[in-house]
Each structure stands twice: as C-alpha cells, then as structure tokens.
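Which chain is which? They are A, B, C, D, E and F, in the order written, and residues in each are numbered from 1.
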Amino acid sequence: MKYGARNRTRATVKSIRKGDIMSLVKFTVSDPHEMASVLTSESVSDLDLKAGEQVELIIKAIHVLPVKD
Amino acid sequence: MKYGARNRTRATVKSIRKGDIMSLVKFTVSDPHEMASVLTSESVSDLDLKAGEQVELIIKAIHVLPVKD
Amino acid sequence: MKYGARNRTRATVKSIRKGDIMSLVKFTVSDPHEMASVLTSESVSDLDLKAGEQVELIIKAIHVLPVKD
Amino acid sequence: MKYGARNRTRATVKSIRKGDIMSLVKFTVSDPHEMASVLTSESVSDLDLKAGEQVELIIKAIHVLPVKD
Amino acid sequence: MKYGARNRTRATVKSIRKGDIMSLVKFTVSDPHEMASVLTSESVSDLDLKAGEQVELIIKAIHVLPVKD
Amino acid sequence: MKYGARNRTRATVKSIRKGDIMSLVKFTVSDPHEMASVLTSESVSDLDLKAGEQVELIIKAIHVLPVKD
C-alpha cells in the first residue's frame, strides 16, 4: 500500500483504553519509544487491535509541529 | 515545557525545502528513521531552522492513524 | 487493509496540480460529486497518481465539521 | 455561506451516540454511502442535531488522505 | 449558521499571500491580536477574500494545543 | 520557546471537564472571549491544569477555517 502521507512507522500495540466514544491506543515504536493514537472506539473494534499486534502508524506531515528552545 | 499532546520526540533537522507559502522540513529521529513536517515558510523563518539543529516534534494523538494488514 | 478511521471512499483521480511543496489533487467520488486532497508533492510522486486511477480516500471522523442552517 | 474548504456535502443525520465529552454522529450522504463525524457533545447540543435532519459536512482538503494499492 | 466546532471568532482580513497551491491569510481578531489561516488558493478565490473584509474563523477544539511552562 | 505554528495566545484555564479518554478544557483569552481545547485526559493530568492557570494555546494555521456570509 502507498499512502499520501510523509510519515509511516511499524509499531506494536502496547495498550488499549476503550471509552464509550473515543479510545486511546499506545504503541511501542522502537523500545523504549512510545506513540499514542486517539480514534473512535468503533475503529478500534473494526481494526480488532490486540496488545502485541503489528500495525503501521500514518501521520500527515501537516500534523507534525516542530518546537525549538 | 509541558504540552497537551501525547507524542513528543527529540529530532534533528535533516533538510529544509522552503516554498513560497509552505515548507517541507525533514528530521532524523533515531537513525535511520526520518519524519517530515509541513508548516508555513513564515514559521520556518521564525524558528530559524538549520540542518543539524535539535528540535522537538509534537503530534496530538488524534492525528495518528493506525493501519493493519 | 483496515484503517483506524470512520470514513473511506473509492475515488478516481480527476486532476493533479503539483506545486513546489504542496499539491492539490481532485477526485470524482460518484459523478458528479468531487473531493479534493492537499498533500506534499513528494507524496504525489511516491503515490505516482495519474488522472483516471482508482484510489481510496481516508478521513478521520474528527476532521468532519457538520454545519446546520 | 462560503467556506475556506474544498469539500462540502449535503448530508442527513442518521444516528447520534452522545458520550460525556465527545460524540459520534453518522450521516447518510447519498444512499447507501455513510460518513461519520466526531465532535464535542457540547457542539452536538448547540447544533441540536436530530436523526433525519439535513446538514452540510465541511472537510478541509488537507485532511483527506489518498491511499493506493 | 451553527457549526459543530467550539471556537468561532469574528475577524477582519489583514493580508493575503496567494501561492500556487496554498495561500496564507492573516486576520485581525481584536487589535492588536492577529490570527493566520492556511487554505488552498482555490478556496481563497472562491471566498473572494479582500483585506478589510469581515469573516468568521472556525476552529475545532481538537486542534487547539495547550502548552504550560 | 519557538513553535512551528502561526497562532499562539496567552490564555487562562476557565473550566475542565475530564472524561474517561478525552477532556474538554475552556480558556478565557481576553474577557469575555473564550476558547476550547479537546485533548486526552492523560494530557490534562500531565499538564496538571487548574482553573485560573496561565497557559499558551498553539494552533497551526492549517486548522483555521475562514467562513464568509
């Protein structure tokens, strides 16, 4: 698959906190680095995510904010 | 500084392509991993980014899209 | 593929206006409906988009703004 | 009204799942196509959305992600 | 009009820098405060924005990032 | 600190409604103007936000939608 986004990373599902409408999923990118995604709980069910599974994380470059001291 | 965002990463500026309105900046996160940010060229000037500089990349968790085979 | 997003649509590339940093791609969803995407020109090159091609458009539900008279 | 966004669609409210902070609203765009929006539950109250009502869905082109096999 | 977004502000167009694909528009919110929007140059043409005009700026709450020292 | 974003505003925390996964925080910008942010409840805890505190609100220009009558 090819995505219209500059950032993609292989990641492993670390934990899933499923709320009523929105869920928070945490990923291990390369130990000990961790990333988080918020998505609808429906999407979490459709993806059928389980801790330890491999996924890919896609982030459009427009959503990356650089900060400098 | 504390940010209202789940994802933050130390990164090094790798390259800057400055357009008229928007610019594309690439970062080395941990070699050989790379991330990209699109921001206004005005922001690039204000940040005064130069290749090799250290910045922090902030991404709200809502902008991370998990994909699964 | 399964995406952590509520909205996905089959679409046909209608036109591509490639700028230096950002590009504007238009899609026919179901005639005469049209959708537009802005992405980096690098992503357009990587996707190797051509008018008439089939793609899928993914939109996270958080980015859909309802408006009512 | 004129919007600074490339995508706008007439849509009908299909269902509303209202959570404490965030809500998930589903729309019929043109049967059987469906779209979803996540917004604050406060916004859902202010819009006073009811199943069967007509709204317009606005999406900035920057939030549309093309994917290709 | 009612919007599915928590933030809306009356604003006056201060300047428009129109690029090939994307444009940068600056607004005076309440002097001397200023806000900026990036949108497609097509949207700027459709809105027919001119310096001094009144518009409304809509921002979904999910896109507001709080930062604390 | 310098941010890769065009919009930043000093603001005062007015109220916090903390949900299971997502929270809604309201700010006074300059009385009686108010802004709202949705972020993960984890981020609210990390920021340790309290009503009356000073924060800065960062918004990328790409997320500002101009609307005109």
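One rule holds for everything that comes next: contacts are C-beta pairs under 8 Å (C-beta built on N, C-alpha and C of every residue); 3 or more make two chains touch, one makes a residue touch a chain.
Source: prediction; values computed, not measured.
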item: Steps needed, at fewest, to go from chain C to chain E via touching chains; value: 1
item: Smallest count of steps, each to a touching chain, taking chain A to chain E; value: 2
item: A-B, D-E or B-C - pair sharing over half of the C-E contact pairs; value: B-C
item: Self-contact between copies chain A and chain B, residue sets same or different by half; value: same
item: For chain D placed onto chain E, the superposition rotation in degrees, Cα atoms, nearest 5; value: 180
item: Chain of greatest Cα-centre distance to chain C; value: F
item: Separation of mean Cα positions, chain F and chain D [Å, integer]; value: 23
item: Gap in Å, rounded to a whole number, between the CA centres of chain F and chain E; value: 17
item: Centroid spacing, where centroids are CA-atom means, of chain A and chain C in whole angstrom; value: 21
item: Residues of chain C touching at least two other chains; value: 1-6, 19-22, 24-25, 36-40, 42, 47-48, 58, 60-63, 65-68
item: Chain contact topology (line, ring, star, complete or other); value: other
item: Chain-chain contacts as defined at top; value: A-B, A-C, A-D, A-F, B-C, B-E, B-F, C-D, C-E, D-E, D-F, E-F
item: Residues of chain B touching chain C in the complex; value: 17, 19-24, 36, 38, 62-63, 65-69
item: Contact footprint of chain D on chain C as seen in their complex; value: 1, 3, 5-7, 9, 11, 24-25, 27, 30, 33, 35-39, 47-49, 53-68
item: Complex interface listing, chain A residues touching chain D; value: 1-5, 19-22, 40, 42, 58, 60, 62
item: Touching residues on chain B, where the partner in the complex is chain F; value: 1-6, 25, 37, 39-40, 42-44, 46-48, 60-61
